[in-house]
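Okay, so chain A shows up in both of these, paired with chain B first and chain C after.
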Partner chain A sequence: MSQILTGPLAVAGVSTILALVIAILDKFLNNYGDMEVSINSGKKKLTVKGGSPLLGTLAAEGIFVPSACGGRGSCGACKCKVLTDVGPHLPTELPYMIPKEIEQNIRLACQIKVRQNLEIELPEELFSIKKFKAKVESLKDLTYDIKELYLALEDQGIEFQAGQYLQLVVPPYGDITESTQRAYSMSSRPSDKKHVELLIRLVPGGIATTWVHKHLKQGDTVEVVGPFGEFQIHDTPATMICVAGGSGMAPFKSMLHHMHETGAFPEKEIWYFFGARTQKDIFYLDELSKLSSTWPRFHFVPALSEQPTPEEGWQGEVGLITDVLDRYLQGKIDKSKGFEGYLCGSPGMINACINVMKKNAMAEDKIYFDKFA
Partner chain B sequence: MKIKPSDKEAFSRMGPGILTAQGFLGIDIRSPEEIIAEDEAAFVRLGLDFDQAADELTRLAEEGAKGLGEPIRIGKLLVQSGDARGMLPCPWNDGLFHKTAVSLRPADLPPEACVEGEDMLIYSELSIHLLKVHHFCQGLGSPFRLEPELIAEFLKK
Partner chain C sequence: MNAPDVSLLPLFLASILTSNILLANFLGTCSFISISKDFKSSMGLGLAVTMVIGICSAICWVVLNYLIKPLGIEYLSFIIFIIVIAGVVQMLEMIIDRFSPSLYMALGIFLPLITVNCAVLGVILFLQIRNYNFLQSVVFGFGSGAGWWLSIMLLAAIRTKLDKNNAIPAGLKGTGITLITIGFMAMAFIGFSGMIAVQ
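On to the complex of A and B.
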C-alpha cells in the first residue's frame, strides 16, 4: 500500500516545489513595480502595477477601451495611440492595422504590456464609459433565435445616445474558462436611465449568444460596460432611410422611441425597412405598425424574403430587403429633403444596401452604419 | 499519420483559451492526430474528398451570404451566413480567417428543432481551411466540428 502511495506523493511533492519556485521567480523577475500611464498629454495620469496588458490595466482603473473579444487579440477593436517606444508591432497586431496606423504607432491595447512608463492617446469620450452591474429583469423569446434581454441597472443610471452599444461581460461557463465580452446595441430608450434592453440573436457556436440563450436566467446578475459607438441620429432635415434585419432592429427601436417620445429632429421623415425570411422571423410587427399609423412622419416597411403562402395573409412587401429598398428609393419616397442612410446588420447586408443607396444617388458620406463585424 | 514538429506545435495550441475560448478539441478524449486519422478513414469510407468537401462548403457559404444575414433555402438546405468582429488564426500558423459562422440545416425541419452536430452543421472560414489543408474536422463536442457523416449527408442534398 505504502509503495502505491509513494510514487504519486513524490510527484505531487515535486510539482508543489516547482510551482512554488516558479511563483517566487515570477514575483521577482516579472515585478515591474509601479508604472505611470500618462493619457492625452498628461490630462490623466495613472499609477499602475506594471507587467499586465494595457487593456486590462486601463480597465482596472475604470477606463474601458472597446474590445469585442475581451483581450484575446482576435477583434482588433482596442486600438490606441502609444507615443512611447514599446518596440515593433507584434505579429498578433499586424492583421488589424493599415500602414497608416502602423506609421502612427497605433497599437492593440490588449497586446502591449505595461513594462515601462507609457504615454498614450485615447478618445476623450472613453473617460465617460463605465461598468454597470445589472439584474436580468426579463428575458423573452422574440423569435426562435432572438431574445430580448431587459436589464435593471443597479447603483447608477446610464446616459447614452440612441444607437450606441454596450459590451456584455460573459463570465466563464461550461467549458469556457475565461470571461469574455461582446458588443450589443441598446434597443431601449435613452430616457429610461435605470434599464437597458438588448436584442441578442443566437449565433451557432457563439460563446456570448449561447450563454444568453441557454444559460442566463431571470434574476441573474450581469455586468455591462458602455456606452460606446458613434452610430447616432444626425441633426439635419434629411429623410432617414433605415435598414435592418434580425437583431439589427436594436438601435432603430431605440432611435424611433427616442424621436417619438421627445419630438427630437422634428423635420426628419423616417423610413424603416426591416427584412426577415418568414413571418415567424418578424418581431415587434404590431408595435411598429401601430407606431407608423399614429406617427405621420414614420413609415415602416417590413419585407419577407421567402414568398408567403396566401393562407398566411401577409400584407407587407416580399423580396430581399435590398430589392424592396431599391423599389422604394426609385419612386415611392419624397426626395426633396435629401436622404441619409442608417444601416445595421452583417457586413454583407450593409455592403449590399450601400450599393443600392449609391445606385439611387445617395451620397456615400451620408450613409452611416453599425456593422456586426 | 506522421507527426511533424509543426503539427506538434499546432496541437499544443488547440486547447480552450489559447487561440479561441472554446478551443478546437471539444470534449474529445482522443489526441488531435487520432482525430485526424479517424476522420481521414471516415472520409475514405464515405467516399468523400477533403478538397471537394471544403469547396462545396465554401460555395454554400457564399450562396448563404446572399441572404444578407437571414437564412435562405439552397436546394434542400437552409443556409445562414453570419459574421462576428475579428479574425482567428489557424493553429498551424498558416493564415488568419474572418470570424464567420455558417449554419446548414435541412430546410424541411423547423430551424428551432435542429440540434448542433446532429442535424445542423456549423462552420467558419477557419473550419474550411482546417478541413482542406490539415484534414482536421475538430474534436467531438466542438461547436464547429465538421462531422464526416453529416458532411456526406448534407452534400447529397
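On to the complex of A and C.
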C-alpha cells in the first residue's frame, strides 16, 4: 500500500517544489515596474505596468488597437509604429510584414512586450475607440442561419460612421477556454447611438458564431469594442454600386438607412445588388423593396442563383450575382456620373465582383470592400 | 555501492574530449545539427545546454540520493528526472527572456526543446548508473555540457567554412555533408579514448 503511495507522492512533491520556484521566479523576473508609453510624440502619455504585450497594455488603458484574433498573432491587424528600438522583428511578426513596414519599424502590438519606456505612433481615430457593455435586447432569426443581434449599449453610446464594424468579445464557453474577439459590421443607423445591430451568420465550427447562435440569450450582457474600419460612403457624386451576399447585408443596411434618414450625399444614386442561393437565404426583402419604391435614387436588385419553382412566385432576378451585375453595368445603369463599387461578403464573391467591375471599366481604386475571411 | 575512484580533473577532461556526450555517445544530435548552421546561435545554445546539464546534474544527484533511493522508487527515476529537467529549462528560459531577448529569439523553439535534448537525460542517467558522488556528478555534468558546447562550436565553424565552398556536390549540400563532417569529428574525438578512460 505504502509503495503505491510513495511513488506518486514523490513525483507530486518534486513537481510542486519546481512549480513553486518557477512561480516565485516569474514574479521576480517579470516585474518590470512602471513604464511610460508615449503615443504620437508625447500627445498622450501612459504610465503602465511593464512585462505584458503592448496590445493588452494599451487595451487596459482604454486604447483599442484593432485586432481580429484577440492577440494570438494570427491576424496581423494590430500593426503600429514603434519608434523605440525593441530589437529585431520576431519570427511571429514577419509573415505579416512587407519589407517597407520592417524598414519603418512597424510592429505587431500583440507580439512585442513593454519592457522599457516606449514611444509609439497610432492613428488618431483609435482614441475614439472604446469598450462598451451592452445588453442583448433581441436576438431574431432572419434566415435559417443568420441572426440579427440587437444590443442596447450602456453609458454614453457610440459615435460611428455607417459601414464601420465592432469587435464582439466572446467569453470562454464550453470547450473554449480563452476569450476571443470577432469583427462584425454594424447594420444599425449611426443616429441611434444607444443601440447597435449586428447580423451574424452561423459558421459551422466558428467560435463566435456558435456562441451567438447556440448560447447567447435575450437579456445577457456582452462586451463590444469599436468602432473600427474604413469601409464608408465616399463623398463624391458617383453612383454607388453595392454588392452583398448573406450577412454582408449589414454595412449596406446601415448606409442606406443613414442616407435615407438624413438625406446625406444627395447627389448619389444607389444600386444595391443582393445575392442569395434560394428564397430561404433572403431577408429584409419587403423592407428594402418598399424603400426602393418610395425613394427614387435607391434601386434594389435581389438575385437568386438557383432557379426558383414557379409556385414560389419570385419576381426578382435569377442568376449568379456576378452575371446579374454584369448585365446591369452594361446597359441598365446610367453611366454619366461614374461608378463607385462597394462590396461586402465572402472573399470569393468579392474577387469575382471586382473582376466584373474592372471588365466594365470601373477603376480599381474606386472599388471598396469588406472581406470576411 | 561506493563512488568510482576517479579524480575530478581527468573526469572533467574525459567528459569534454574522450567520452564527449555528442561525438562519442551520440546524444543530443537534433539541435546539434539544426542550430550549428549559425555560429552565434550555437554559442548561445551551447551555453544554455551547459547550464542546463550542469544544474540538472546537481539537482538530480540530490533528488536521486535523498529521495529516490531512500524511498526505493528507482522505477520512477526517469519521470522525476524529466520533470526536474523541464522545470530547470523553464526557469532558464525565463531568465534568458528577461536578460537577453535577442538570444531568446535566436534560440527560438530550441530553447524549450532542451527539455527533450537526450544529452541532458543521458548525462543524468550516466551519473546514476556510474554511481558518482556529488562533486563527480557536477563536474561530469558541466564537463559533458562543455563538451557539447565545444562540439557544436566546432561544427558551426566548419559549416560556416563549408558554406563558402562551392566544390561540394549538390546532392551532399546541407545535411548530407554535415553528417559526414560529424562522422569525421567523432573519429577524431574517439581517437583519444585510450588516453583517459572513464567508466
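In this section, the second predicted complex is superposed on the first by the 353 of 373 C-alpha atoms of A that agree within 3 Å, B and C clash if a C-alpha of one lies under 4 Å from a C-alpha of the other, contacts with A are read in each partner's own complex, and residues count from 1 in each chain.
Here, a residue touches a chain if its C-beta (ideal position, glycine included) is under 8 Å from a C-beta of that chain, and two chains touch if they have at least 3 such contacts.
Everything numeric in this text was worked out from a predicted model, so none of it was measured.
With both structures placed on the common chain, the touch criterion links A:Gly345 to chain B but leaves chain C unconnected.
Once chain A of one complex is fitted onto chain A of the other, the partner contacts of A:Ser305 are limited to chain B, with no touch recorded for chain C. When both complexes are overlaid on chain A, the residue A:Gly76 reaches chain B alone and has no touch with chain C. When the two complexes are overlaid on their common chain A, residue A:Lys133 makes contact with neither chain B nor chain C.
When the two structures are aligned on the shared chain, A:Pro95 is found in touch with chain B, with no touch to chain C. With both complexes superposed, B is the one of chain B and chain C in contact with more chain A residues. Of all residues in chain A, those touching chain C in their complex are 3, 6-7, 10-11, 13-15, 18-19, 21-22, 25-26, 29-30, 87-88, 90-91, 115. Those residues of chain A whose C-beta lies close enough to touch chain B in the complex are 68-69, 72, 74-77, 95-96, 144-145, 175-178, 180, 183, 203-207, 210, 245-246, 248, 275-277, 281, 305-306, 320-322, 345-349, 352, 372-373.
Interface residues of chain B facing chain A in the complex, by the touch rule stated above, are 16-17, 20-23, 26-27, 65-73, 81-89, 96, 98-99, 101, 103, 110-112, 116, 120, 122, 124, 143-144.
Interface residues of chain C facing chain A in the complex, by the touch rule stated above, are 63, 67-68, 71-73, 75-76, 79-80, 83-84, 86-87, 90-91, 94-95, 98, 101-102, 105, 108.
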